[in-house]
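A short write-up of the structure that comes next.
By written order: A, B, C and D. Residues from 1 in each chain.
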Amino acid sequence: MTFMERLLAWRNERGAFGFYAVLLATAVLVPLLNLAVPEGSALHMSTYTVTLVGKYMSYAILAVAVDLIWGYCGILSLGHAAFFALGGYAMGMYLMRQIGTRGVYGNAEMPDFMVFLNWSELPWYWQGFDMFWFAAIMVLLAPGLLAYVFGWLAFRSRVTGVYLSIITQALTYALLLAFFRNEMGFGGNNGLTDFKEILGFDLKAPGTRMALFLATALALGLAFAAGRMITRSRLGRVVQAVRDAESRTRFIGYRVESYKLWLFVFSAMLAGVAGALYVPQVGIINPGEFNPINSIEVVIWVAVGGRGTLYGAVLGAVVVNYAKTWFTTVLPDIWLYALGTLFVVVTLFLPQGLVGLFAKLKLRRGAA
Amino acid sequence: MLWLGGAAAWAQAPAGNEFDTAVASLPTASYMEKEVLAGQIARSGHPQAQALLQGWLDGKLHADASGHVWLEGEGGYVDPASGSAGKVEADDLEKIGTNNRLRKALKGVLAQFALASPAASARIQAVREMRRELDESAVAALQARLPQETEAAVKHEIELALALAGLQAGEPAQRLAAIASLDGDRSAEVYNRLSQMASGDEADADAAVRNAAGAAVRSIESWRSFYQGVETLFFGLSLGSVLVLAAIGLAITFGVMGVINMAHGELIMLGAYTAYVMQLLLPNHIGLALLLSIPAAFIVSGLVGVAIERGIVRHLYGRPLETLLATFGLSLVLQQLVRSVFSPLNRSVQTPGFLSGSLQFNDLLSVTWIRLYIVLFMLIVFAALWLTLNKTSLGLKVRAVSQNRRMATAMGIATSRVDAMTFGLGSGIAGIAGVALSQLTNVGPNLGQAYIIDSFMVVVFGGVGNLWGTLIGGMALGVTNKLLEPWAGAVMAKILVLVFIILFIQRRKQGLFPQKGRAAEGH
Amino acid sequence: MNVPHAFSRLIPARLRPPPRSGDVFERHNPPGLDLSHNTVLYLEDITVSFDGFRALNKLTLYVEAGELRCIIGPNGAGKTTMMDVITGKTRPDSGTAWFGQTIDLLGMSEPQIAQAGIGRKFQKPTVFEQHTVFENLELAMAGDKSVWKMLFAKLSPAQLLRIDEVLETIGLKEHRGALAGVLSHGQKQWLEIGMLLMQEPQLLLVDEPVAGMTPQETERTAELLLSLAGKHSVVVVEHDMDFVRSIARQVTVLHEGSVLAEGTIDEVQNDPKVVEVYLGEPRC
Amino acid sequence: MKLKFILTAAALGVASFAAQAADTIKVGVLHSLSGTMAISETTLKDTVLMLIEEQNKKGGVMGKKLEAVVVDPASNWPLFAEKAEQLLVKDKVDVVFGCWTSVSRKSVLPVFEKNNGLLFYPVQYEGEESSKNVFYTGASPNQQAIPAVDYLMKDLGVKRWVLAGTDYVYPRTTNKILEAYLKSKGVKQEDILINYTPFGHSDWQSIVADIKKFGSTGKKTAVVSTINGDANVPFYKELGNQKISAEDIPVVAFSVGEEELAGLDTKPLVGHLAAWNYFQSINTKANKAEIATWQKFIKKPDRTFNDPMEATVIGFKLWVKAVEKAKSTDVAKVSDAIIGLEVPNLTGGTAQMLPNHHLTKPVYIGEIREDGQFDIVWQTKGEVAGDAWSDYLPGSKDVEADWVKLKCGNYNTKTKKCSGQNY
């Protein structure tokens, strides 16, 4: 078998199992280290780290979403930050409503920022977000709908390549500006913060943190499984065919735009879920999340990990973000050099990302 | 303190000498009191009055601990009254300060002196200055001047000013006459006074006057709205040219070579910093430094561009998305680099005199020089670039390579060298744009970030690989933005423009000027 | 612009098109191909021009059901453009294109046309290089190709059998699991023909099938195409006159975007107009 | 396996931090060193480092050396929360000096309240907040905005007002307060023009033209600018170019200080105003000394000093005093001890920490000079007490903060309730 084939085979199987194993290990170890191991012990894992890992995992879900659309379908979306943020805002709005009378002005209906910018009443689009199920639906619906409308327009008129990338960027940029406006009623630059409870559980309680963490782990597992099922179905093969030879796919009778749209919407919803899990863990959502730069970063995670393999995306998300956390702490003044160089090096020397690197190493060992 | 000051005054001048007492009480007076004192000094008719007031306005008036006032001259410190030099040390002097309001008043009274100045232009300026605050003394001064005035232009100015004063005249007939004589004067003072007379609670008692005023106001208003349209259009064009300047380098690297260069913004930033450094090198020749920094920036950014191409992009041809990632990493590094070298603070780039201020067409329309120059500059850069691409052998090679790399190689073109030069060219242009931007906005590490997205928008909107597209596209976006701004507000205008771009790309997925042939599928 | 409609008015009532489906997301069920007039393809007055240059000039061409038609002509004669028009890649400025009696091709998108039963093999073999040979055939397989179906699609034993059959026919059995990308040029040609077979089209458009093939391969291709003719209709564009001679019954010569001559290979080759056009070309 | 490795690495990495000398007092520094806010915040980081160095020269606090823990939240608000938690939970710092933007403060607030940390926030802000765990050493609106407006009204006789700001919470709130205040002073609605622009807005042509028009009606007009950071340079450049002189339409800014001026060509700005609680040009011994130390520390003889830096200095000194008074770095003890403590301002007078966790501050109005410094043209008699809750906003009229008697940051005098505290 050739390198590519072995790479493929190797990716398809080991990678996935490896991922499940690691995920399971994390899901078991982290609670153990956090709850079972006593404070002060070297092995104890603080709630801070738990939240951190939780954050990485919600990023990983986002990475999977981007990898599905970019790695498998060849659509470079620079707009996934928008879907992520929308999901986040949907969740954030629920959490805001949960504050209820515990806001500093004790206004049962309206969030604080509306009170001191003296809004007369709650805007209509905030209605219903006091119910979790409604918010949960919105987490999927808001990004999904946007993705559907946008994708329907773009794919129908066969916008491709950089043109698509740039208008997705325009999309998230427009939303960024829109959400910065205080008239929008989403708290402007301050966004939504100072959350108290989720489903009646105190967000600051370690238990709740752990629950959120496990929920994220579960979501990541499911996202991965779903992504895997899609990519391994014939649908997945069609999508990859679109990536490699779009017009050819048309000539054998596939309505390419429907496939793109379907995958785009799915990916957007996944991003929304990631955002929804991200917000309660970091405790704030603000327009900054719409920043096109964020979208680019997500793409970079995927590239670093290994585009076109789901667990590569996950790996990339975790590695890059951990690197960020680490650098900003140990070399706060020059960490950007490190990160920037990392990106350059990876793209230059690891076109297949870390995954490709492992594969190569494995083959070497196989050969030797 | 006040007492001391008083004593000092007493000591050197007979009581009642308005000038000396006024001067003596300056050090302790509040800004309000100072304003009154300024008036007294002016009216005192003292020969030194003008010099003192001028000095005061220029911040050359000081008081020593004893409260004695000293005027700072070329030679040293002199007594304002006698003009005799005094022995005082700079550092035990306290400056007699001014504030906005006081400076305005001082200019007003000084203008009255200037009325007598030999130069006609100075006299015109003086009249204009006085127009802004037409109190009795000013009117009196003008009336006194009118008969002696020889220069026709000055006469006219004075007459207008008096007419403006005449609007308050007692007799309706006089007021009507004033309105008539002010016909054609569209300045704000006239407009405001007339509109007050025309309607509202201060409306003129006499109906005829009211109507006349109303008619005058309406004619001025119609002119206003016309010139406002012109102004908005110009704003749009100047914003457009900024966009084009920022994007045009990208039109080369991205449009012609298909490299998604996320570090483009940082190349602009480097250009701006070059302008800053040039000014450090030539602190006394700001204008010259700016001119020199244009080629300098081209070279600096150009070389960096070549380095990027040789070091990174070269290895990624045919993988445009990878270039996006690598150059994004690079942009982070470059930003941090200037933070380390120049500190994260913004840097101040001086604006040379010939760039500041504005070109006054008439009372209602004026455009700022800097914007005018930016538009011209953009056109020059564009023309130069267009000629390079279409009239030079390099341009020929560039186009050959961009259209059919293999064929070009076959014809013995050193494609790799051409690539490097093309990328260098695009980067150099970005640097030049940076110099222009240094005159408009911050020179800081974030400069690039602010323009990168817009640049991509412009290039894609205009049509990748088409210089004209970039020009037209940029201008179109600029004007649209400015036309929307008045009623949509700055933010909404920008959002609407973005939405417009998105929808436009749906209709014409290759932008305004689609590239011909299969090369268009740039991905 | 909406040429097809404008022209459909000039078409006799019996050929009035079915209501065309504009929206590409709406599933398009081609009405069963109606061959009652024993003609599978009507091209009438097709004109295509790319900024000024006329690639097709009032081209009129009919293909009978079950026929094997060869189309020859010098470069730039418009052979490929014609195929683009038939498969919906290019929209003509004017003219009509009908598939059987009832299907107006100009109203349809590429996938709809493919679904309706027109298969195409490209001049330059284009297969899905990241997919295995088997997957290539699987993807090309005829049937409902809607998104949700694909998500849960499983291969039925019959379909597996069919794929193996085709693998047999195109002689790539032992490369079943190989990535298409690593195949030789000739093998890719075959694979693409195989994909064509999997589509089970009524009408096959084959663009230079034997370019870069060894004589033996060429021979086998000829056999294959001949065997296909009859139950399918086949249109072959080819330069290789020997190959054409070996398969063709009817030959159409295109020149500057319209039909220059039509007839048996001998008739065509003795046609003075054709000779003139091909003057200097050794083979004719 | 990768992920697990990373986790352990993380655990170890953090452990290594926790494992530093225990006999030091740890001071967290939470200012952005990269990203958009680096422009303003890096200076404050350096200021804190300088103060720590100075303090250690004096033998530290309670005989213990101070140790700085610097992190970079990179102008990224969620990252602020993450870093805050790291400082409190991992590095176990005793106090944190940090944040610039309101959003960063809002983002870390829950973290400090949850982990009972101690934050000194050195920047002027919109008020409407008083947390048990935060001490606000910058100005609240009544210590900056309102005095400035008074000056314009009384001394310059301003009748028409342009409230121009960047569209975020500080300008929004400040302008709301000012609008209410102006109306209470009998200014008519049509004499107030409010305008908001996005962050980093760079094309001011139309807006400046509008201001010019608005100001040309004969009535004296002034611009009250809450325009943020980067947007100021192009704004002032445009003002200068469109010939709007300070004499005709003065601009009083709340976010433009010596540091910002150092970054731009001041010629066109001369005569425009700024309202601060500190100016570098104020001529006192303490001020001169502090500036000297700073320029020595930063090794730049021309480096400027500004209001948020003074606020940092005051906050730091107050904290030191409080620790020594409480003989402990325990947050609760320090927070109790610090109330009522006084330290001298660099510009004279004293700053006292009030029960609402805000300071008493003098207010100065300065006119921009050619050299990028300010001429003081007005100042308050004595210090103004910082007010957490504005009396001019309907929402917060009845709210007050008092951590001594009421033990509450937002006690509603009407409902007699203390809502929404997280402890």
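Heads up, the rule we're going with is that a contact is a pair of C-beta atoms (placed from the backbone, for glycine too) under 8 Å apart; a residue touches a chain by one contact, two chains touch by 3 or more.
This structure is a prediction, so every number in the text was calculated from the model and none was measured.
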Chain labels contacting chain A and also chain B: D
Of all other chains, the one whose Cα centre sits farthest from chain D: C
Centroid spacing, where centroids are CA-atom means, of chain C and chain D in whole angstrom: 73
Length of the line joining the C-alpha centres of chain B and chain C, rounded to whole Å: 66
Approximate Å spacing (C-alpha centroids) for the pair chain A, chain D: 34
Centroid spacing, where centroids are CA-atom means, of chain B and chain D in whole angstrom: 30
Two or more partner chains touched - positions in chain D: 33-34, 167, 196, 198
Shared interface positions of chain B, touching two or more other chains: 335-336, 449, 491, 494
Numbers and ranges of chain A residues touching at least 2 other chains: 177, 180-181, 333, 336
Chain-chain contacts as defined at top: A-B, A-C, A-D, B-D
Residues of chain A touching chain B in the complex: 76, 150, 153-154, 157-163, 166-167, 169-171, 173-174, 177-178, 180-181, 292-293, 296, 299-300, 303, 333-334, 336-337, 339-344, 346-348, 351
Chain C residues touching chain A - in the complex, by the definition given at the top: 24-25, 87, 89, 109-112, 114-115, 119-120, 122, 126-131, 135, 138-140, 142, 145-147, 150-153, 177-179, 181-182, 195, 199
Residue ranges of chain A in contact with chain C within the complex: 2, 4-5, 8, 152, 156, 230, 233-235, 237-238, 240-241, 243-245, 247-259, 261-262
Footprint of chain A on chain B - complex, ascending: 254, 260, 262, 312, 315-316, 319-322, 324-326, 328-333, 335-337, 340, 449, 453, 456-457, 460, 464, 491-492, 494-495, 498-499, 501-503, 505-507, 509-511, 521-523
Chain D partner contacts - residues on chain A that touch it in the complex: 18, 22-23, 25-26, 29-30, 33, 42-43, 45-49, 51-53, 55, 99, 101-106, 112-113, 115-118, 177, 180-182, 188-191, 193-196, 204, 282-284, 286, 288, 315, 318-319, 322, 325-326, 328-330, 332-333, 335-336
